[in-house]
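Report on one structure; see the data block that follows.
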Amino acid sequence: MIKVGIVGGTGYTGVELLRILVNHPDVQLHVITSRSEEGMRVDEMFPNLRGHTDLQFSVPDAAVLGECDVVFFATPHGVAHALAEEILNTGARVIDLSADFRIQDVPTWEKWYGQPHGAPGILPQAVYGLPEVNRDAIREARLIAVPGCYPTSVQLGYIPLLEKGLLADQMLIADCKSGVSGAGRGAKVGSLLCETSESMSAYAVAGHRHLPEIRQGLSRAAGGKDVALTFVPHLTPMIRGIHSTLYAHLPDADISELQAMFEARYADEPFVDVMPLGSHPATRSVKGSNTCRLALHYHADTGQLIILSVIDNLVKGASGQAIQNMNIMFGLDEEAGLRQVALMP
Amino acid sequence: MIKVGIVGGTGYTGVELLRILVNHPDVQLHVITSRSEEGMRVDEMFPNLRGHTDLQFSVPDAAVLGECDVVFFATPHGVAHALAEEILNTGARVIDLSADFRIQDVPTWEKWYGQPHGAPGILPQAVYGLPEVNRDAIREARLIAVPGCYPTSVQLGYIPLLEKGLLADQMLIADCKSGVSGAGRGAKVGSLLCETSESMSAYAVAGHRHLPEIRQGLSRAAGGKDVALTFVPHLTPMIRGIHSTLYAHLPDADISELQAMFEARYADEPFVDVMPLGSHPATRSVKGSNTCRLALHYHADTGQLIILSVIDNLVKGASGQAIQNMNIMFGLDEEAGLRQVALMP
Amino acid sequence: MIKVGIVGGTGYTGVELLRILVNHPDVQLHVITSRSEEGMRVDEMFPNLRGHTDLQFSVPDAAVLGECDVVFFATPHGVAHALAEEILNTGARVIDLSADFRIQDVPTWEKWYGQPHGAPGILPQAVYGLPEVNRDAIREARLIAVPGCYPTSVQLGYIPLLEKGLLADQMLIADCKSGVSGAGRGAKVGSLLCETSESMSAYAVAGHRHLPEIRQGLSRAAGGKDVALTFVPHLTPMIRGIHSTLYAHLPDADISELQAMFEARYADEPFVDVMPLGSHPATRSVKGSNTCRLALHYHADTGQLIILSVIDNLVKGASGQAIQNMNIMFGLDEEAGLRQVALMP
Amino acid sequence: MIKVGIVGGTGYTGVELLRILVNHPDVQLHVITSRSEEGMRVDEMFPNLRGHTDLQFSVPDAAVLGECDVVFFATPHGVAHALAEEILNTGARVIDLSADFRIQDVPTWEKWYGQPHGAPGILPQAVYGLPEVNRDAIREARLIAVPGCYPTSVQLGYIPLLEKGLLADQMLIADCKSGVSGAGRGAKVGSLLCETSESMSAYAVAGHRHLPEIRQGLSRAAGGKDVALTFVPHLTPMIRGIHSTLYAHLPDADISELQAMFEARYADEPFVDVMPLGSHPATRSVKGSNTCRLALHYHADTGQLIILSVIDNLVKGASGQAIQNMNIMFGLDEEAGLRQVALMP
């Protein structure tokens, strides 16, 4: 059994880790921390867990966390930097769901997150935890940076093309729609039901923190070439789900070949589903599951390729992907604990 | 492995059976029928099942269904009557999620469902599949009538009191709120998002078909005494969930004793959770799970007891409970396939 | 033109006052206050008002407010007490949407609101602003306590019976369902979309602050007799609307007579709609309008009367009713500014 | 008073016409037709209209409709063709909310709508009812084709640029998100709450009927030049609202100039609101109102211009715009009946 600790378990990615881990066949939950809720039973805050765990929140303590085989960070950015290093020193491994280790370029991170990077020393050993790209490195990793939700959905949609050298020198456009859980469990007016329900709007059009992460990933797929991207996120009146509509201009393409290329690229991937050409994946088809579904459309008259990519932002976009990383790191069945079918309706 | 067939798999209880059964450790799905969708892959209609099953819908055929160990009916009322008998004759067992075998009194059934009863001959062997009441009979049953969604939530809330002889001679009031999935997947104007979202209303106040079923169950719990009940269902703007607010007048009661009585009554029940006194269970705490959560409140000044009861209408109120019955009938772990944690948020 | 001031315009009842008043033919908006948002344009916070007003929030100032003919308080409880008295002294009238002057019994108010009453001196002159009961007193009033949302919907449903001396000595039950806007625009975790959407739960079952207000109103209608009431509020996943399901036991009643009694009682009321017997009013039929719709149902076999009552909690349950009071106080057409049809769908 | 008739009043655009017209100061509702609901009171189907109209549905009769000054068609495509001509012959004017007269090229219409055009003879006199473009022609028109919902939001966003000769020879991308009411009030599985709520998906990516209409409008604005457009519509889990995210590549542009150009273009338009640079208009800010709000964003590093455009699809995208046309045609105040503030929250 893998002994697991969770730092910062009171947010949505925290409870989602718990939802999956309490039924994971190879995991034993050892400790979960929250400074503000010390002593409270986890299932008092999250009654869906009643009958599944007796854990209580405790104050984070590197020694206790160090008793674990692996520690998940489900914390706001900036928190994992210091503590992760301490925990790594005990020999435990770290899977960070925050943005703290996603961007390898320190100045870029500091510019977008508006604070000094707290752990540049260990940053080089952080592996970007997108299994479809980095599985081998994940296997050996001791520190994982779990990709963001938007970056996961956008990268999985574009990389089959970029890896083949297509899409050179064009402006890609990613029009992304996210459920409100992406904004977290913080008490903000902007996340109230009365502010978000029955409404649609773009936000952060001037620049969203996931943009540099996406560009870093796309450039890697393109063999290091810079990739120009316009990224517009939208707040959608639902709890879970990201729908990315990805545009690329590929005049005179053979869409059957592109479809075959996508199918081949993801043939062995347990959590990427390339749907039949012309499908319209709905976010509800992945609600609560770790799957990313992709579908291609092609307008022959204009040469426009449209890639539709859906994930559950809390699962493949966060906690499920984190556990997929754990499974790989510890040599477990990669699908262990992650076989749940999406809840539909 | 238990060989399973499903008749009528295109509705919400059908896809919910599939969602649970594809991950059930002891089940092999053998056949699923739909006259209208013959030949269509199940995962084409329900893309959440992609990667989980290769089944196609076929026309119902008693011989093929008879090869199963158990056949679930997820059909509108009136359909199971004839076919169930044929299947029982092959030796297979039947678990009917419709209303066809829930009411033992034929004239009552005919009055409320507006048609002749199609299988009065096998009705006496039908066991009402509420495990918390009938577990022993279920074990031996060959034909199960799975309780309705409202009846499950109301009965579990009242029976601890009725079994103790409390609540005699009073008018009970069950004010129940259901998500829209209770109305099924039929194309009806009244179930459109634009008709049901952002709105709350009562319906069928003059008389709902679940009333006689509830009264039958409450009377059994009261040792055969008639129980007077006012039942008002409401359509709530959400997909899943039933919240029953149950009223009973018990002047001078000792609420700690009542709480203890509930806890004792359900101490060994894997799917009934008696929450601490004064809790407010939310339907989302059971979304996608087979649990019924109960909580008691008492107004000492007026002698009013309020019992709050929540279930997921598609799980404990339908498909989950059906599978719980199957587990009991076949001597499996009663929780097999049903350990999913509710999806929250 | 009536010169109007608004104290505390940043919440939902504040913006709702503005939505109605900017199109009111007899009103000139003079000032709107908010300490926290001083200097901000109102339409910057509420873009639906762009093009309808140039007002800016200012710090509350009794002298400026005193220049108005009437000042609305759309503040949390406790705020209006002190300032209202100052404003009344300038000669302006006050319409308070908070709970500060709703309850005439000071100790009761202090018990439920957990603080000393700040204006017992002017409390006796406060008129409870339910036009259907107090129209004559409202006409002469200088200080109006606008009823709460639940109290409006419950009282309008029960008073035709209570005024006729029916319902004596029984326990009434009001099972009420409210949209989330009833919880206000405060940044609270419990009001987030991800906490309230796709879920139903009761809350404050142990005792809600609207209970004493409702009982005060029902007792007045009953000629001063105490009325026993069980009141259970529920949080419903929608923005606006209250649906009250009201129970009363009236064996051997003639439902046609009761229906006629309701129709007669409200025949001249512009904002109460008694629907045909057996109707199921939906909250969406009053969304954005000042109407309360009522419908009666009777179960002859059990003698149970069920009264369904729906309002928009922000209109007839708050700001619309406040403006209806203003219209009456100033001798305007009672419907002025309030003829909007509900937004459906 | 303008005498008004409505053909096909049982859908969402029909009830929305009624919602606005019952409070229009210059309108008298004369007749509303529905074959299927003949004899039913309009307010029985749409209870929000109780107290606002006594109209009943009647069978369409050209003679009765001919008594009107103007007849609105709120019918599915194909219905208005024949009847419109008859009505025009009586001297009444026609405002058609369907697609029947929107596209001037008959073969294009026939290709996209899959049936022969039923009224090519009167098509040339049809004026495309986008007041911001065609106000003078509308004034003289006897037959108006009210623009579609998507086309309204997309055209208003792009035309200030196209009219100035910008955007030449590039592929424009319109990523549009619509509420479910855009799919109408028909009983379709795909419009059920349980199918659309808590989900996001694209649809009709292969080609949506609004594409040729949008291209026709954009080409007119560009002085007749063909405009290449990729248009991807999405079904969004809300009742009302369209959010169009419009992309254009304009390297080295001066965003202040573009902003000024938009402000100048719409300075005199009562229903187009150019928000401050960098705003994020939300659809809820126009819910129930006839306003289109626009906002510009510019990424200087990539030369990408993003135009955000929101409308209420049932108001500015259908019934409100139809009434705006009527106001212009009859020399009324263009804003008559259309001053409602959006319902927020």
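In order of appearance the chains are A, B, C and D, and numbering begins at 1 in each one.
Following the convention adopted for this analysis, a contact is a pair of C-beta atoms (placed from the backbone, for glycine too) under 8 Å apart; a residue touches a chain by one contact, two chains touch by 3 or more.
Everything numeric here is computed off the predicted structure, so don't read it as measured data.
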| item | value |
| --- | --- |
| Farthest chain relative to subunit C (centres taken as mean CA coordinates) | A |
| A-C or A-D - the one linked by more C-beta pairs in contact | A-D |
| Interchain centroid distance [CA atoms averaged], subunit A/subunit C, Å | 45 |
| Rounded Å distance, subunit A centre to subunit D centre (Cα mean) | 39 |
| Multi-chain contact sites of subunit B, meaning residues that touch two or more partners | 12, 181, 185, 194-195, 197-198, 237-240, 281-282, 284, 287, 345 |
| List of subunit A residues in touch with subunit B within their complex | 12, 15, 18-19, 22-23, 46-52, 181, 185, 197-198, 239-240, 273, 275, 281-282, 284-289, 291, 293, 339-345 |
| Parts of subunit A lying in touch with subunit C, wherever the complex brings them together | 12, 180-181, 185-189, 191-198, 237-239 |
| Interface residues, subunit A side, partner subunit D - complex | 171, 173, 175, 177, 179, 194-195, 197-203, 205-206, 228, 230, 232, 234, 236-241, 243, 245, 247, 249, 278, 280-284, 287, 297, 299, 302, 304, 306, 308, 310, 345 |
